[in-house]
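Paired with chain B in one complex and with chain C in the other, chain A is shared by the two complexes that follow.
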Partner chain A sequence: MTSITMEEESKLLIVLPGDQLPESGLMEDSSAAHRLTLGPGLAPMDDDSITAVKAGILKHNAVGNRWWVESNQRRYVAAQGESIIGVVTGKSAEHYKVDIGASQPALLGVLAFEGATKRNKPNHNIGDLLYCRVSMANKDMEAELECMNPTTGKADGFGELKGGFVIKISLGLARRLLDPKNLVLRLLGQHIPFEMAVGTNGKVWVNSASAQHTILICNAIRNSEYLNSAECGSMVKSLVEKM
Partner chain B sequence: MSRLDRTRTSAHQLRPFFSSQNLLNRADGSAQFDFVVGPAEVKLRDEKLDKATLEVVVRPLVGLPGIKDKAREQAIRETLEPLVLSGLHPRTGIQIVVQTMKDDGSILATAFNATILALLDAGIPLKSILGAVTCIVDSETNQILLDPTSQELANAKSTHTFVFDNKSSITSNTESKDQEDAVEVATLYSDSTGLFSEEEYFKCAQICYKAVQAVHGFIRTAVQKKLEKEQQQIHS
Partner chain C sequence: MAEIPHKTALSGKLLTMKFMQRQQEQETRDKLVKEQNRIVTEAHWVIDQAAVDLPKPKFQVDYEPSFLQMNATERSSVGRMSFQKFNSVVEKSASQAAGDQQLERELKRQRQSEISDDEMANEMGRSNKAKKTKEVARKSSNGGQSKKPTTNRRAPPKPSGSGGKFMKPKE
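Moving on, here comes the complex of A and B:
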């Protein structure tokens, strides 16, 4: 076992831009092929080395010899297949312009909804909240969205989000909220019934019976970013008691 | 020997580091003294077809930005442009704002260090990080003093600011590279004012290079602390 695997098991391996993957790490799991798959945060450099380009935790999956860096940031960069929350900012004959928090607004085809035809299509206004899927994203063009599952053609939860409230959080926190074992959501759910949609673009939509509850949930989510389990529990408890 | 500010006992000591990250909630990334917005929309006339446009704004402690601030803006922008992987975000803009909160010497080096921390916080892809240190050659003692205060700067025969990057291997980041010959070290940026000899210049470069390793170490620790806090709930 090389030192990289040992470190991963016991503690987090933090990398900064400029840190290189050692040669020995590449040969580790692949006996025959010297092939590795690079995920976000790693890039091959001119001098044939693999260098980290973001600050984060170096992760490795033996399946397919995958390496990537788990980092956090607030600004979203569109990636295909992600589910995101967007706000309609413009309308044309063929597309909706949707603000997803990236450098440019994304385009959502007017017919990209379940069962939409030219005669029967949904009508969304400027300011509407939509839960969509990124169907195409590359760095040179605006991203394209769709409000349905591409393989089945069904809505599958995508579409308009009515009522509720949206908050902006960091991308890392949004990913952690998607974990089914997430602590703060479980604790909140014990006290308040609510529904929620998490966009991997750092936007979270929360809806509950009263505005007071909605604001409490949003504050609890925002506060939970840098807390550990014990602090999280007491934070939720103090918020709920104030209600 | 004691330095003028009485908190340091050696000529080669740097002042203690402080930093905070992710302070501002409207910005995409921030570190104390600095904030970064980006990649964001950029005006059509500034748009570059295949790269991100980097914009740096330096604001002084008091008053309106003057030529010194413009010079610092240019220094920071030109040093960072080759470091930022702007090809990953074409037709976007990255804006960096440096606001001086306290001025006690070594402003340019502090601005560089804060900028790199803010860029890391914003998740902008970079080829490497950088570290900056200022040193002076004292006019009376001819000694090289690191990280001078404003008072020490007033007594300086020459002032030098150096910026170096980090190129290390992940498993060996605790070992320092054996760079005894200062001439071979790749400098990202070097600014010198005053009267000095070639020998003094290279000696300063060597001393600053060693000091910059401490800056890199601090950046690594700061990032590590922040990441550990974020990951607490998953790993606890």
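Moving on, here comes the complex of A and C:
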């Protein structure tokens, strides 16, 4: 186990599993509180030290003294509050079984839709695409989903996704696509009219007027994983010109 | 008054009656329940708190398993997007949600830098005391010029003329 020295804020701090975080660095912001919020990738060890358990870049947010490791992987682990794209694989009296790409299928209650009552149930078939929200997830049980905003009770964009095409990407890219400052989607939107849904479980749904446009958008998204903003711009331009 | 020669013994017939039986059954039931409770509580494991001296953990840790909650400015939870009016419903709701989230973030950031009323009162009490001793010390070294810039967060500065001493009203 190696210990990390805290460097300046501007440098990227890359951690490997087993790297301990120094206590002095962790207490920079909240001297009195000693409260810490650990995000994914960090875990406390038996000797009261905080250790990284995933490889990636150590990130910190002063609001709430949050620390986490920005890592990448392709297998999704359900977490509460995330929006995901799932495929219905089974139906029972009170639940739909939905495949979300995690180790186990998730359960979607039949009444967890906007305006659903026992008499007015939505009817989804096996193979349907649903954009849902994870309402409960822990490592011991199957995740539970819902197709509505829990506070308002309205659909708010959740529900069935009709038509279109789904591609599988890594979780890190999916999170970057949710960034409001993301460049690829804005550039594509300037040239092509389309709609899309990003699932935090590494699935992206794209729908546009023609198959050619859909293929172009999917290729652009896949290519943009390791490109910086300048390269992104030129990549999108070259793809659009070929169309 | 005639003395009772012996304790009243209940006759056999009385004992066979239903209401007497009920009392008996209640008693046996209570005894069984008590026995069960005793067995269960004895089977519980208990740590002898005095013997083990656990140190207090250095940090109080909250766990957050989702990346989306970590850095709210970088992630928007608006997953569905539409461009060039392909799906007008989605576009409208997406822009509305984005506006709401921006507002929420700004408010959160503002609230981070603010302090509650109790803390403010404490701060003012503390700074008043410190100011009194500071003013007296500076007066002696400065020679009467003690002006301080005013901010909203600190106690209002004392008038420089008095120097911290109580001025008697002129008669």
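What we mean here is this: the second predicted complex is superposed on the first by the 235 of 243 C-alpha atoms of A that agree within 3 Å, B and C clash if a C-alpha of one lies under 4 Å from a C-alpha of the other, contacts with A are read in each partner's own complex, and residues count from 1 in each chain.
The definition used in the following text is that a contact is a pair of C-beta atoms (placed from the backbone, for glycine too) under 8 Å apart; a residue touches a chain by one contact, two chains touch by 3 or more.
All figures in this text were calculated on a predicted structure; none of them were measured in a lab.
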First, second, both or neither for A:Phe194, with chain B first and chain C second: second
Touching partner for A:Lys59 - first (chain B), second (chain C), both, neither: second
Partner chain in contact with A:Tyr226 - chain B first, chain C second, else both or neither: first
First (chain B), second (chain C), both or neither touched by A:Thr51: first
Which of chain B and chain C A:Arg74 touches, first, second, both or neither: first
Shared chain A surface residues [contacts with chain B and with chain C]: 77, 179
Sites on chain A touched by chain C in the complex: 23, 26, 33-40, 44, 48, 50, 59, 61, 63, 66, 68, 70, 77, 79-83, 131, 137, 156-157, 175, 178-181, 185, 188-190, 192-200, 207-209
Residue ranges of chain B in contact with chain A within the complex: 22, 27-29, 37-41, 85, 88-93, 120-123, 125-129, 165-173, 219-220, 223-224, 227-236
Chain B partner contacts - residues on chain A that touch it in the complex: 2-4, 12-22, 24-25, 41, 43, 45, 51-58, 71-75, 77, 103-104, 139-140, 170-173, 176, 179, 182-183, 224-229, 232
Touching residues (chain side chain C, partner chain A) in the complex: 57-71, 74-87, 90, 93-94, 97-98, 108-109, 112
